[in-house]
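Below are two complexes that have subunit A in common, paired first with subunit B and then with subunit C.
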Partner chain A sequence: MNKVAILVDHLTVNYGSQCVLRDLSLEVPVGTIFGFLGRNGAGKTTTIKTLLGIRRPTAGKVEVLGYDVVRQHIEVCSHVGYVSETHNLYDYLNITQMCAFCRDTSRRWKQNIVDTYLDLFALPRTQKIKQFSKGMKTQLALSLAMGSEPDILILDEPTADLDPIARELFLHTLIGDIAAAGKTVFFSSHILSDIEAVADHVAVIEGGRIVLSAELDELRETHKILRLTYPEGLPPAELEYLQSLPHVSQAKQEGQVVQLHTTGMVNELVSLIKERLYPPHDIETLHTDLGSVLLEYIKGIRNDH
Partner chain B sequence: MISFAYKYTILVTGERHVAIWLNVNIHSGIPIYIQIVEQVQHALDVGVLQPGDYLPPVRELASELTIAPNTIVKAYNELQHMGLIESRPGRGTIVTAQANALRHEKRVEALYERLHAVVHDAANMGIDGQEFLAAVQREIGSAFDKRRELT
Partner chain C sequence: MITKELLDIRWKLLVFALISLGTAGFQPFSLVSFSGQLSGTTVQRTSDFQAHIWEHWFYLSNGPLIFLLFAIVLGCGLIATEVSQGTITFLFSRPLSRNRILLTKYAVSAASLLIVAILSSIAILVSSMILGYTLDMIRLLTATFLFWLGSLTPLGCALIFSIIASDTLRALLWSLLTFAVGNVLLLIPRWQPWSLLYYWSSRQSYLQGTFPFAEYIFCFIAALLPLLLALWLFHLKEY
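What follows is the complex of A and B.
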C-alpha cells in the first residue's frame, strides 16, 4: 500500500506577478487521511485548485493517481470528488433536481450512495438549496461528491461552517465510511483539533511553502520534551551547548531546571547529555501536546524544510 | 480532554463474547498506534485476549474508534512483527498460539530491568550493600512463603 495518490513536485504558482506557491513538493500516499493545515491566505485553496487542474502550474508538475493534472484533466476529474469552500451548488434547485444535474454531468453516478448520505445527514429533498444553512450545504456537497464513487476525496475547509454536532458526524463519516473503504481523503483546514482527531498525515503550508509534512504518530514519537534537573544552576555555556544540539528546537531554563524541546533522536540526546561534565541528576522525558507543536509550525516558528 | 472509549465485542472460540476496552486518547502525546499496541498487550497479560481470539477487522475498528485506518494497520503490523498476532487471509487477524509465552518472556525481561534500576538507585542513594541485600532477602522470604502457603 505504498502507492501515491497525489504527487506535487516543485510546484510554483504565480497570480500575475505575485508568487502564491513556491517550490512546493508533497506526497499523499493512497489510503491516507491527509490534513492540510495553514492560516488564511497561506495557499491552501490555490494548492487544491492546482490539484484539480482548475489552476495551471507556473512551474513544476502535479499528478493525481499517476495522471498529469494539466494534460489528463478529464481522468483526474473522474477519480476525484471535490467539496469546495464555496460549494458549487445551484441555489434555485432542490436536492432532487441537483442530483439529476450531477448525474447528467458525471461519468459514473450512483444515486443509492448519494441517498445513503442524504439520509444520514437528514437533508430535505424538496426544499430549495437557497434555504439551506451553510452546514447543510457542506453536507449536501459531500453527498454529491460521493455519487461518482471517487477514489480520492478533496475537501476544502469542510468543517469551517459546521456546528460541533454536525462536525462530529461529518468527521465520523469521513473516517468510518469513506476512509475505512480505502479511499484517500485530502482535506484542508485551519482547525487544529480536526487534523488531530482524524488525520494520519499532516502537511503545514505557510507563506506558499510547505514547512512540515509528516505522519502524526511520527510527530508524537519525535517531538518530546526533555526535562533536565541540575544539582545547581548551570553555566551559560552549557545552556548554549544544549541549545546547539541536533534535534533541539528550543531550550528554556528556569533555575536548576532546563526544558529541551526535541524533534527526534531522544535516546541519543539523553546519552549525550548524561556524558557531559555537568550532567543533570535527573532526566525526564515528557510527551508534548501535538496541537502546540503544529501551532508553532503554522506560526512559522519552526521549519523542517 | 477527549478520549474515545468504545466497547468492542470480540467473538471468541466457542460461544463466549469478550468485551475489550480500547481507550485511545488523541491528546496524550503518545503515538496512537503505540496506545493500541500497548492495550492489546495488556489485554493479553490480563487474559482478556487469548490465543485463538480474533481481533476486529481494520475498517471496523477504525470506524468504531474514529481513527484513521492506516493507524490501525500500523498497530497490527507492529503486533504481528512481535509475533503476537497473525493475519489469516480471508479469515481475519488472530492471536497466535505463542502469544502468551512471548508476553511472559517480555515481562520477565522488564522485571529484571526494574530490578537493575532499583539496585542502581539504592547504590546512588548511598545505601549499604549488605543492608540492601538483607532487605531483599526479607522481601523474598515473605513473598515466596506466601506463595508456598497458597499452593
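What follows is the complex of A and C.
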C-alpha cells in the first residue's frame, strides 16, 4: 500500500506570465491530518486545484495515492473528496437532486453515509441549496464529499463560514471521525487555531513557496524560547552574536533580559551561550506559542525551517 | 448529470418551446388570416400550402431565427455559467473526463433542440389538419431533421465562445456577432451557397421531395467542426 497520500515534487505553476507556485515540494503521509496554512493569495487554492488535476503544472510532478494528477485525473478524483472554500454547489438543486448528481458522477457512492451526516447537521432534504446559509452549504459539501468514501479529503478553507458550534462539531467530531477511519485529510486554512486544534502535520506556504513543513509535535519540541537574564546591560556586539547563532530566528532585548526564539538544538545553544565572555546568570527554556510561530512563517518573518 | 443539465436549462427550454410551438402552430393560420383560403385544384392548393409553410417556418423568417437564438443562448451558458458561478471546480473534482462533461452538456442541449423541432413540426401538422390541409410527412420530417442539424452549428459555435469567454454575456455577444456577420452573406445572392442557412432551409428538398444528401452532409460537417474545436479548447483551457 502507498504510504504517501500526496506527493508534490518541485511543482511550479504559472498563470500566464505570473508564477503562482515556485518549486513547491510536499509529502503528505497516509492517515495524517495535514494543515496547509497561508495567507490569502499565497497559493493554497492553486495547490489544491493542481492536486485535483484542475490546473496543470508548468513544471514538476504531482501524485495522489500514486496516481499522476495530469494523466490519471479520473483515478485521482475517484479517491478524493473535495470541499471548496466557496461552496460551489448547484444552487437550483435540492439536497436529494444534488445527491443524485453526485451518485451519478461517482465511482462509489454510499447514500447511508451521506444521510448520517445530513441528519447530524439537520439539513433539510427538499429545500433548494440557494436558500442555505454558507455554513449549511459547507456542511452539505462535506456530507457529499464523504458519500464517495474518499481515501483523501481535501478541504479548502472549510471552517471560514461556520458558527462556533458548527466549527467545533466540524473540527473535533468530523475530522476526528475521518482521521480515526485512517483517511488522510488535507486541510487548507488561514485560521491558525483550527490547524493547531486538529492537524498533526503542518505546512506553511508564502509567495508560492513552502516556508515550513513539519509535524506539529516536532515544531512544539524545536521551537522554544531561551530567556537569558544578564547581571548588567548586554553589549550590542553580544546581542548581534546571539542573533547570528544557528537555529536562532529572533533575539529581543528588554533591559537585562534577552529572549532568543529558537528553531532547534536548544541544548547546544545553551552550552554555547554559557561559554561566552558575558554569560547570563540565568537561562530559562520556555515553550513558545505555536500560533505565533506559525504566524511568523505566514508573515514571511521566518523562513529558516 | 443529465437531470442536472435539464434542471439547469428548464426555464430557457420552456420559454423557447412555447415561442417555437406557438409560432410554428400559427403558420398555417397565418396563410388564412393574411391571404384567405387558397384556391385552385387540390394539388395546386397543397403545393402552395407547402410553399407557404416552408417560406414562413423553415426559411429565413421564423424557425431559423428562433432556433438560432435558442441554440446560441443554450450553448453560451454551457461552460461560461459553470465558470461564473464557480461550480466548474466542483464539476472538475468529480471523476469525470472533460470529454464526458462537455459531450453530456452538448447532448442535452442538442436533444432539447431536436425535441422542440419535432414538437414544432407536430404543431404545424395539427394546425394544418384543423384547416383541412395535408402535409407530406416524409418531407416535413426530412426538413425538420435538417433544420435541427443546422441548429447544431450555432450551438457548437456558442459552446466555443462559452469556453473562451469568462462569462455568459460575453459568450452571447460574440456568438450573436459571429452569426450576424455570417448571415450577411445571404444578402448577396452569389455568396448564398457559403451561408449555413442556404443548406439549413433546403427549399429544393422540401418542395420537390428529393432527399437533401448534400445539405445533410454540409450541415453535419458544419455541426461537427465547432464541436471538435470546442472539445480541443476545453482540454486546453485552465480554470
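Convention: the second predicted complex is superposed on the first by the 300 of 305 C-alpha atoms of A that agree within 3 Å, B and C clash if a C-alpha of one lies under 4 Å from a C-alpha of the other, contacts with A are read in each partner's own complex, and residues count from 1 in each chain.
Keep in mind that, in the parts below, contacts are C-beta pairs under 8 Å (C-beta built on N, C-alpha and C of every residue); 3 or more make two chains touch, one makes a residue touch a chain.
Just so you know, these numbers come straight off a predicted model, no measurement behind them.
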Checklist entry - Should A:52 be classified as contacting the first partner (subunit B), the second (subunit C), both, or neither? => result second
Checklist entry - With the two structures laid over each other on chain A, which partner does A:44 touch: subunit B (first), subunit C (second), both, or neither? => result neither
Item to check | Partner chain in contact with A:137 - subunit B first, subunit C second, else both or neither | outcome: neither
Checklist entry - So, A:261: does it touch subunit B (first), subunit C (second), both, or neither? => result neither
Checklist entry - Touching A:167 in the superposition: subunit B (first), subunit C (second), both, neither? => result neither
Next on the checklist: Per the contact definition in the header, classify A:33: touching subunit B only (first), subunit C only (second), both, or neither.
Outcome noted: first
Checklist entry - Where does A:177 make contact in the superposed view: on subunit B (first), on subunit C (second), on both, or on neither? => result first
Checklist outcome for this item: The intersection of the subunit A residues contacting subunit B with those contacting subunit C is none
Checklist entry - Which residues of subunit A touch subunit C in the complex? => result 15, 49, 52-56, 73-75, 77-78, 80, 82, 84, 86, 88-93, 97, 100-102, 104-107
Checklist outcome for this item: The answer for subunit C against subunit A in the complex is residues 1, 3-4, 7-8, 85-90, 92-97, 238-239
Checklist entry - In the complex formed with subunit A, which residues of subunit B make contact? => result 2, 26-34, 58-60, 62-63, 66-71, 73-74
Next on the checklist: Help me check something: in the complex, which residues belonging to subunit A touch subunit B?
Outcome noted: 1, 31-33, 171-172, 175-177, 179-182, 196-200, 216-218, 220-221, 224, 286-291
